[in-house]
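Each of the two complexes below includes chain A, the first together with chain B, the second together with chain C.
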Partner chain A sequence: MSLLAVSNLTKCYRRGDKTIAAVDDVSFHIDPGETLALAGPSGSGKSTIARLVLRLIEPDDGRIDFEGSDFLALSGAALRARRARLQMVFQDPLAAFNPRATVARVLDDPLRVHGIASRAERPRRIAALLERVGLIADLAPRAIHEISGGQRQRVAIARAIATKPSLIVLDEAASALDVSVRGEILKLLLDLQRQEKIAYLFISHDLGVIRSVAHRVILLDAGRIAENGDAQTVIDAPQSAIGKALVAAAPRLNRTLMRLASAGLD
Partner chain B sequence: MSPLRRFLRTPEAVTGAMLLAALIAMALSASLLFPGDPQAIAGPALLPPFQDWSLPLGTDRLGRDVLAELFHGARTSLAVGLAAAAAALVVGAVVGTLAGFAGGLVDEVLMRITDAFQTVPSFLLALAFVSVVGPSLGVVVIAIALGTWTGPARVARAEVLSIRERDYVAGARVIGMHPLAIAFREVLPNALPPVLAMSSVIVAAAILTEAALSFLGLGDPNRVTWGGMIAEGRAVLRTAPFLSIVPGIALVLTVLGVYLAGEGIVETTAVRRGLS
Partner chain C sequence: MTTLASIRDLTVTYRRDSNEVAALRSVSLDIANGERLAIIGESGSGKSTLALAIAGLLPGSSRIGGRIDWFLPSSPPSGAKAPPSVLPDISPSRGEIGSSPAGPLSASLAMGESGDKGVISPLEGEMSGRTEGGLVRREVRKSSLKQSYIPRLGRDIGFVFQDPSASLDPVMTIGKQIAEVARTHLGLTWSQSYARAKSLIERVRLPDPDSALRAFPHQLSGGQKQRVAIAAAIAAGPKLLIADEATSALDTIVQAEIVALIRRLVTEDGMTLLFISHDIALAAELAERIAVFRHGQLVELGMTAQIVGAPAQHYTRALLDAHIGLDTRPLLDRAGLHA
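Entry: the complex of A and B
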């Protein structure tokens, strides 16, 4: 059975007297340990789908089943408890953390909220999480704004895996980083997936990255699914008009770089 | 440059800090330098200042030591000013955060209540409250806070409205944090700087309001207040003007000191935030 099953998801925004469908009758599923990529031009509804799946915004219509139960039926404490299994990594790692927070506090929050570790045990857990994502434990007392962008994104990943989720939504999680750091972060994500069997909903505009990390891809256009299939097949030979346009728009240099990066990942 | 050094290089800020320090020293030393009741008779009535060095600022109509009254009055002014401002800031920040973060009906109800308080002139509100409940220090503090919490509430709400859309608030929800914990742990501390920037104006206004209430005879009757001293001196304004002028000057310097020091702190911290 699939881990996440989304059916007929619809979200409309009203602007003046016009109604614009940001997400229009979208259905897909993700299996355990699988990476499904969402790609498409700006405004195609990628991030809206991510926020709908995470219940950060509520859909107008449709159904979301997560780990075999109706995710949209949950509310209050039951929803907050279930959130442990469904995490997110944001695009901008600086905006994703409270500007006053330290690394330790950021990692302490999920452990405390979900009662995963006692107060005395938490510093040890935090150190273990930092090491898990390739950082040194000495980083814990530092403020979030004092560490580098790549370190910050590693902390964000550590926070996401703190509650042992089965699915992580990665909203352009590697896009804001420079090329060398991006490769390391992608490698870390793939390692975690292999070891912990975490599934990813991988949102990106970068077809090169998607081709190298995702199993399947969905191409979106104006809130609808334009094309859907095996990541390498779709990107190598897109059938839809938007797929062809996206592949043509991806700069050749970028594809070459990604081939190098994916060679490093294997 | 450190914020402290930048603060010390601003002449207005240093003047304000010195005035404030003098006021605090007066308030703290009042019972050491002038033990006993400042309202007790200490000498002949209406002794002018600088005549008798045991009573440097002279005596009032009943023969009470003006300098002792001045020192004890500093206590009341400072206590009421700080307590009322603190109460107004806390209530305002909490109401503003709840309204801005919850939105919808909660926001609507809280902001209409804020409107209701804001449409009544704050001094009138304080006057009405004290005359109904009766004058005492605590009541005066509540009365002043009642009319001043609306400003901080509006500023806090506006700040919260922009903060609640940030990614880190969404991140806290994804983590499964309780909405109240998000409002008070994640959002409120980041909404505070512009609210705290209002504190110097609020403290200054609170001190003036307390003086005005005392002037009208609605202050705590068991405490010496500068407003009460001015009111007392008014009866003999032509024969002994110093009785009104001395506490009047003290009041002006205090408000000026609070305002200048507060502005200095806001300026130096604002520059620091701009740089980082």
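Entry: the complex of A and C
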């Protein structure tokens, strides 16, 4: 059975007297331990889908089943409990956290709120989480704004895995990082997925990164699914108009090198 | 090929809390006339500081040292002293260069004390050199930078920032924002300036130029706003166009369109392009030469084919290896999982 099944999801926004469907009748599923990527141009609906799946906003229509139950029907304690299994990492952890909070405080919150560890046990758990994401435990007393961007994104991942989720929504989670740091973060995510069987809903504008880390990809255009399939197959030979446009627009080092080499021969 | 600007031992330090942080360390670099030069590097490499230093946009609290020799059509021959009569109107007390006919200035401006203590980095806090209604204002700063000529932002240098929403005035029409650059620097009347604005809007391919003239920034998409920012940057016909991560906030398709636009405009107008980017693959598509920066230093400079195909420095190699392209071997080990 699917871990997450989204059926006929629709979300409209009003703009003046017009109604615009940001997400228009979108259906997909994610299996346990699988990475499904969402890609598309600005305004294609990929971040709206992420927010709907997280129930940060409510859909106008459609159904979301998560771990076998109707996720949109949950409320109160049942919703809070299920939310521990569905975590998120955003592009900018500095915006997601209180910048003055310490690393320890950021990791203490989910352990406390979800009743995962007793007060006495929490420092040890925090140290273990930091180690799990490749950080040293000495970082715990530091303020979020004092550490580097890459370290901060590792803390965001540590916070996400603290509640032992089955699914993490990654919304451009590696997009703002320097390339040298980005590779390390992507490897960490793949490593966690392999070991803990975590599934990812991986939202990115970068087809190269999607092809590198995702099992499947959905290409969105104006709120609708334009193309859907194995990530490498779709990106290597897109069939939809938007897929072809996205692939054609991506900068390519090898293509540039070949162009320069042939220009040099003239 | 002739040189447009010759940068020697350029050093910039920012004050952060009570510490001095070196953002650029003794950078020497020649920018050739008419070339497309990319400056690439990761965060903290100094690439944006270099762009701001060249444009005279560094915050007042920064310390600048070194020398920039300019070979602009409006600048005097190298080494020549400009007659005092054509010196621009500088008020020593306020350190402002007015918009009055700023002729060539050949002098090692001994700049005085900085009054502004608060600014830390060029990206946060206020800029000392702001373009306000097309006027370039410079505040006096602690500086030992020697320049053969102080180029005027807007007239000699066009600057395109990453976020067009921040660089455009939200309550001024698109037409006026472009027209006032032309009016300020070219001495045109308002009606001539609007005519020029309209032709610029056509050149940057905004749909429906007549209504675009009257539109406000919030009525445009991110890509359209960046087209407006580019039109304003080139409105006075600058010799040098600096694009500082000008496409980084745009989606891939719009980014490719803006890069194509910049390439076309630079070629048509014979401008020199300084393209600042964190993306080596994107820079390689546009630039003829690439300068790689790290920790405030110039690591490697060469033709694009050499930098990308046969880098001499280990760091350049590492940057290329870290690039994840459409033909890079995937990180994901697909054996096992997939049904």
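By our rule, the second predicted complex is superposed on the first by the 253 of 266 C-alpha atoms of A that agree within 3 Å, B and C clash if a C-alpha of one lies under 4 Å from a C-alpha of the other, contacts with A are read in each partner's own complex, and residues count from 1 in each chain.
Operating definition for what follows: a contact is a pair of C-beta atoms (placed from the backbone, for glycine too) under 8 Å apart; a residue touches a chain by one contact, two chains touch by 3 or more.
The shown structure was predicted, so the numbers you read here are calculated from the model rather than taken from an experiment.
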{"item": "Contacts of A:D25 with chain B and chain C, given as first, second, both or neither", "value": "neither"}
{"item": "Which of chain B and chain C A:G183 touches, first, second, both or neither", "value": "second"}
{"item": "Which of chain B and chain C A:G208 touches, first, second, both or neither", "value": "second"}
{"item": "First, second, both or neither for A:P41, with chain B first and chain C second", "value": "second"}
{"item": "Which of chain B and chain C A:E67 touches, first, second, both or neither", "value": "neither"}
{"item": "Touched partner set for A:V113, first chain B, second chain C, both or neither", "value": "first"}
{"item": "Residue contacts on chain A - larger count, chain B or chain C", "value": "C"}
{"item": "Footprint overlap on chain A, comparing chain B with chain C", "value": "none"}
{"item": "Contact set on chain B toward chain A in their complex", "value": "166-168, 170-178, 181, 186, 189-190, 276"}
{"item": "Chain B contact footprint on chain A (complex, rising order)", "value": "51, 54, 56, 80-81, 83-84, 86-88, 90, 92, 95-100, 109-110, 113-114, 145, 159, 163"}
{"item": "Residue ranges of chain A touching chain C (in the complex, touch as defined)", "value": "31, 33-35, 41-42, 149, 178-180, 182-183, 186-187, 190, 194, 205-209, 211-215, 232, 235-236, 245-254, 256-257, 260-261, 264"}
{"item": "Chain C residues touching chain A - in the complex, by the definition given at the top", "value": "42-43, 221-222, 250-257, 278-282, 284-285, 304-305, 308-309, 318-320, 322-328, 330-334, 337-339"}
